[in-house]
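Below is one structure; the comments refer to it alone.
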Amino acid sequence: MATQKLNVAMIGSGFIGKVHSNAFRQVGHFFDLPYALTLSVICGRNRSKLEAAATQWGWEEAETDWRALIDRKDLDVIDIAVPNALHAPIAIAAAEAGKTVLCEKPLATSLEEAERMAAAVRNLPNLVWFNYRRIPAVVFAKQLVEEGRLGQPFHYRGLYLNQSGNDPSKASGWRYKASEAGMGAAGDLLSHSIDLALYLNGPIVELSAMTHTFAPGRDVDDAAMLMARFANGSIGSFEVSRYGVGNQNRNDFEMNGSQGMLRFRLDEMNRLGFYDATEVANLRGVREITVTGPNHPYWENFWKPGHALGYEHPFIATLGDFLNSMARRETFHPNFEDALAVQRVLDALERSASSRSWVTMPPSAE
Amino acid sequence: MATQKLNVAMIGSGFIGKVHSNAFRQVGHFFDLPYALTLSVICGRNRSKLEAAATQWGWEEAETDWRALIDRKDLDVIDIAVPNALHAPIAIAAAEAGKTVLCEKPLATSLEEAERMAAAVRNLPNLVWFNYRRIPAVVFAKQLVEEGRLGQPFHYRGLYLNQSGNDPSKASGWRYKASEAGMGAAGDLLSHSIDLALYLNGPIVELSAMTHTFAPGRDVDDAAMLMARFANGSIGSFEVSRYGVGNQNRNDFEMNGSQGMLRFRLDEMNRLGFYDATEVANLRGVREITVTGPNHPYWENFWKPGHALGYEHPFIATLGDFLNSMARRETFHPNFEDALAVQRVLDALERSASSRSWVTMPPSAE
Amino acid sequence: MATQKLNVAMIGSGFIGKVHSNAFRQVGHFFDLPYALTLSVICGRNRSKLEAAATQWGWEEAETDWRALIDRKDLDVIDIAVPNALHAPIAIAAAEAGKTVLCEKPLATSLEEAERMAAAVRNLPNLVWFNYRRIPAVVFAKQLVEEGRLGQPFHYRGLYLNQSGNDPSKASGWRYKASEAGMGAAGDLLSHSIDLALYLNGPIVELSAMTHTFAPGRDVDDAAMLMARFANGSIGSFEVSRYGVGNQNRNDFEMNGSQGMLRFRLDEMNRLGFYDATEVANLRGVREITVTGPNHPYWENFWKPGHALGYEHPFIATLGDFLNSMARRETFHPNFEDALAVQRVLDALERSASSRSWVTMPPSAE
Amino acid sequence: MATQKLNVAMIGSGFIGKVHSNAFRQVGHFFDLPYALTLSVICGRNRSKLEAAATQWGWEEAETDWRALIDRKDLDVIDIAVPNALHAPIAIAAAEAGKTVLCEKPLATSLEEAERMAAAVRNLPNLVWFNYRRIPAVVFAKQLVEEGRLGQPFHYRGLYLNQSGNDPSKASGWRYKASEAGMGAAGDLLSHSIDLALYLNGPIVELSAMTHTFAPGRDVDDAAMLMARFANGSIGSFEVSRYGVGNQNRNDFEMNGSQGMLRFRLDEMNRLGFYDATEVANLRGVREITVTGPNHPYWENFWKPGHALGYEHPFIATLGDFLNSMARRETFHPNFEDALAVQRVLDALERSASSRSWVTMPPSAE
């Protein structure tokens, strides 16, 4: 099926670069692809580390200057897997050069940056790696919501906790500096929760938030809370922390509606909890659905029903869907616009936290 | 409603006597009773301990000789809450005196005793305290089975584990001596699992078993395993141990049939797991039903839906149902016949274990 | 041990009255009491229902006018188990008559009422039925906090969800009317969460909140959210709803500190989750402790280790502790002062929600 | 690091062939390899399906006759991923040609075959794909056992349930025919449980078993149960079924010893339950350890701590370890000898089930 060639350059050689390399390597094994991908260039600052990664994952070239990639006519796709502060300059330059642009989340370090980025890619295929959207259980939740299985929406509840801030060995990296990360836990973790909420429950119309920094002298948030009203009439609560000791990478959501409930926990990512309030009263209960098939999202792409998927599979599914939507010239989601919508919420969160007041969200551009 | 008087004597002043005292005290608070119960006599060997218990629970008299109770015309009910070896002499004497007899489980220390006991009470109201049968979740499981929600029965699986044998402070009591207890873990714990299995899944037709004693010099089993065929075509596995370290009082069962599954865990006694295999494939999952109402067994007797019951409530429900069935002159279950059926399985287990061979159960008297 | 007599009058004959009757009946069975309790009078508006309750629970008299109780010299204790709007007039009258006063939660329908009530009882033994404080797992959590097992406190998280508001059969009672209840879900349910938070994590210094009413025309909140800063430097999030479909009576809390985490779920009330961050890294994990002994709170009062307690036991423990503290002339907690502290938070919540702004808590009287 | 070339031929193009293809593709991304692997030939019966698989996974050639591979000097490794009845002829032929042989489980359709196979490969590098051994949580369990964390061993408990037999769409394949599969559920599923038991708990000395076939006319077992005594003094129970409705792919084990307990559930494959009975009594509880690091098996090979692994990762780890042990000329486990030990247990199971008696295991060759 794959006839057209697509040459990929990835900028970034850290943990998330490894995850992207894996997705580029694996996508053709699990998805019918309209393109023949070539892993052309991996780009990073540390040459020896870079060459090791190139060898390990089969990137054809290693390059230390990302600007050198932009002008190369042979490169079709620029994938951005570097600290947040570099997203904007790279994405905008790549877009101006007409590249297909893939970018890690959060999109930017400020709303202004995010707006410029979204404008820059508007007529190009583009993607933002909000990977959790394509966990089969999450896609299935979306499907159940769209089928109206929850009835009138009442509540959305998002919680993202890890304990990295409490670990002295971790808390000194770029994620803990405003100049490189923009925000702290809110940008890094809450952005995922907000993206899932917008995806599953629609736009937020107003919010009130607080942020908190536990570590003396740190200039980004360690934790944040947010109360929100959604356009669909439901209300939402969100909490994020890097000091959620006892939780390694907890990303939960729950939705309550007049006819049912959905509950997801990243710790048990192959399951979705579903409560059907329309059943006869004495048989009601939260059922744990193992969302690996049959008839679940992606069940024919990966393994057999009952065989667990892991952290990397949603990245692969994101890429597989993206390439197919690109070939069909359709708009892919989550894209820069979706990530801009998340950034608007993060921006409102910061404004609310600093002003200690409610903030009304601007009406969506849609 | 209560007009006829019923004078109760309870023999036993240990832990289970406390549980029975509570049931006698509480039953009228949660059930409409056809009788006015009087807690007439508590009987035990240690007078000072006995008088404390009498005061604490409001027994009118304390007595140290159980034989003195048998001839008293003023006593209607004899409740037996003493070590197993005393069950037979007390129950048979009480039955010969025309008393209503209530007895703790396991019924006896041998099949021969159990047969004599069951014969003795045959024309009298009688009860055996297999308390777990009246956990609302278990009664609800029975109801779902009877509705045919499981389809063709495939499997029954019973597991009862505690860790008492591994605890030097516990392992010297009467429960660890053949002369007083008859059997070890099999009589004490597995008898519960077998009773639930016979109740929920019907008679066993043949079995093969093994027993094991970990403690040197102990003359009762510490653990047992059992493979069985049931009359309904399903097969069953059972395991019991007092060396199941990590499990304090774990009593689980699971039933698999062509149309569904039921799963119960005593550790979460207010819940029943139910899997409906007739649902559309992508919505199938084990649902955890909180069996505290509405429309669940005993939901109007105790608290409100969502409010947990504990260990003592099934005892109260057992007694409430018994008294009402007695007034209606109906046969109550579990009674001595039911406990005799359990004893037959325990006897077969012992014979199988010692002969290292399969044992065919005699056809039930029914 | 019990020599002094104490005559009790209980006002209220609904569900919670049943729970209190049970506590009065049962407390002497599980606690050594310094008083001989007499269940003297049950008081309510509906005579026939009242007489049924009196018969069922053994109250000596039934009375329909609570004012008639106040002047009776023979009554020592007034227990208030009626709709919230009646708490203040009864409690104040009873206090003025020198009675020992026990009152259901939330204490009052307004802060002003609560202040008057707390002032009225100040020199009398008094109790507020924040029953969840005396769940053994909660008391054990308190003990671990006091031992410093959590280290520096980072987060407190309280969640209370039921689905009563979504049930047309329930949503018309007094709990849904401002004139009788004061507040809605916030008063009824969140009051529990706040009480636990103040007990376990200390005072709140400021908060921002929102409330929401889903049902048209209803004049109390159906849901509320709250972001808070505690005096100990931690931050807290709270959410409550009667529209938490899928949750029957969910009352969860979690505390994260530099050295550990505690997690409680009312749905599994006999367990406490504990994560010890000081252990060697590869053995860290949330352990589920079954808090029924040995050496757990109340383990010698009720059943044996591994035997579940239910909804009513914390009421019994509350009463048992209260009577003993009263005999020792010690201040009991939770008392009217503690409930006043909860009311101050609820009042701040309302002011914050209506003003859409942060509210600073007045410094505690302590 | 990889300098020596290794040309691989894989025989099989079904589901498990896909899993192996993935392992061959991925192993170099996560493990430092002493060999440069080439995916030379994929072999199967259906040419069009084969060519699709070759294209998808990058096998250089497709071949329909496995015998044609044996004589090719350019092929170093023969990987067998075909129905069980073909394992012996292929493995023996490949061994005779001096190939490195990798084989799916169960090793053979009979003990006699397995013995010949093990003899054939004895002096060649060889592997059997008992994949579950290399789940990080399982390797960590092994480590804790070897550290003596369980104390004196009491119990091993293995349970493997799926519901494939109850699914008309599945139950007609080769796995349900004695001529192709040898055994049914016992060979397919219980072999995994037995392998884990031998790995974690050592040799079995005697056993009693039963098998059952639910489907009329089927000539393999649908379910089996087994009671066993281990050489280390512990006793074991095992159950397997393809009629375990409600369980998709449930593979659980639990080990109880005098000092602790370990519990694993494949449904939550990234976790290990550990109970430490040496802790102070009131802090004991089963802790759920997320075995993704730090300092857990393979934590530096795959993703970061807290990031879930899935079904395929243990295959990759098996292959990575195998290739490294091969380069070091060390014996790899699980190998044909290990699989022969499993086959001996399966053979004893069949003999016990048909003779309805206990069977003593021959002393191990070790």
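To keep things simple, chains are lettered A, B, C and D as they appear, and every chain counts its residues starting from 1.
Note that in this section a contact is a pair of C-beta atoms (placed from the backbone, for glycine too) under 8 Å apart; a residue touches a chain by one contact, two chains touch by 3 or more.
All values derive from a computational prediction rather than experimental measurement.
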What chains do chain B and chain D have as common neighbours?
-> A, C
So which has more C-beta pairs touching, B-C or A-C?
-> A-C
So the chain most remote from chain C by C-alpha centre is D
Distance between chain centroids, defined by C-alpha means - chain B, chain C (Å) = 35
Distance from the mean Cα position of chain B to that of chain A, given in whole angstrom | 54
Would you kindly tell me how far, in whole Å, the mean C-alpha position of chain C lies from that of chain A?
-> 41
Scan chain A for residues touching two or more other chains and write them down.
-> 286, 290
Chain A to chain C touching residues, read off their complex = 154-155, 157, 161, 163, 166, 208-210, 212, 214, 223, 225, 227, 229, 235, 237, 239, 241, 243-247, 254, 256-261, 263, 273, 275, 277, 286, 356-358
Once bound in the complex, which stretches of chain B touch chain C?
-> 15, 19, 21-22, 25-26, 28-29, 56-57, 162, 248-249, 266-269, 290, 292, 303-313
Would you tell me which residues of chain A are touching chain B in their complex?
-> 140, 271, 274, 281-290, 293-296
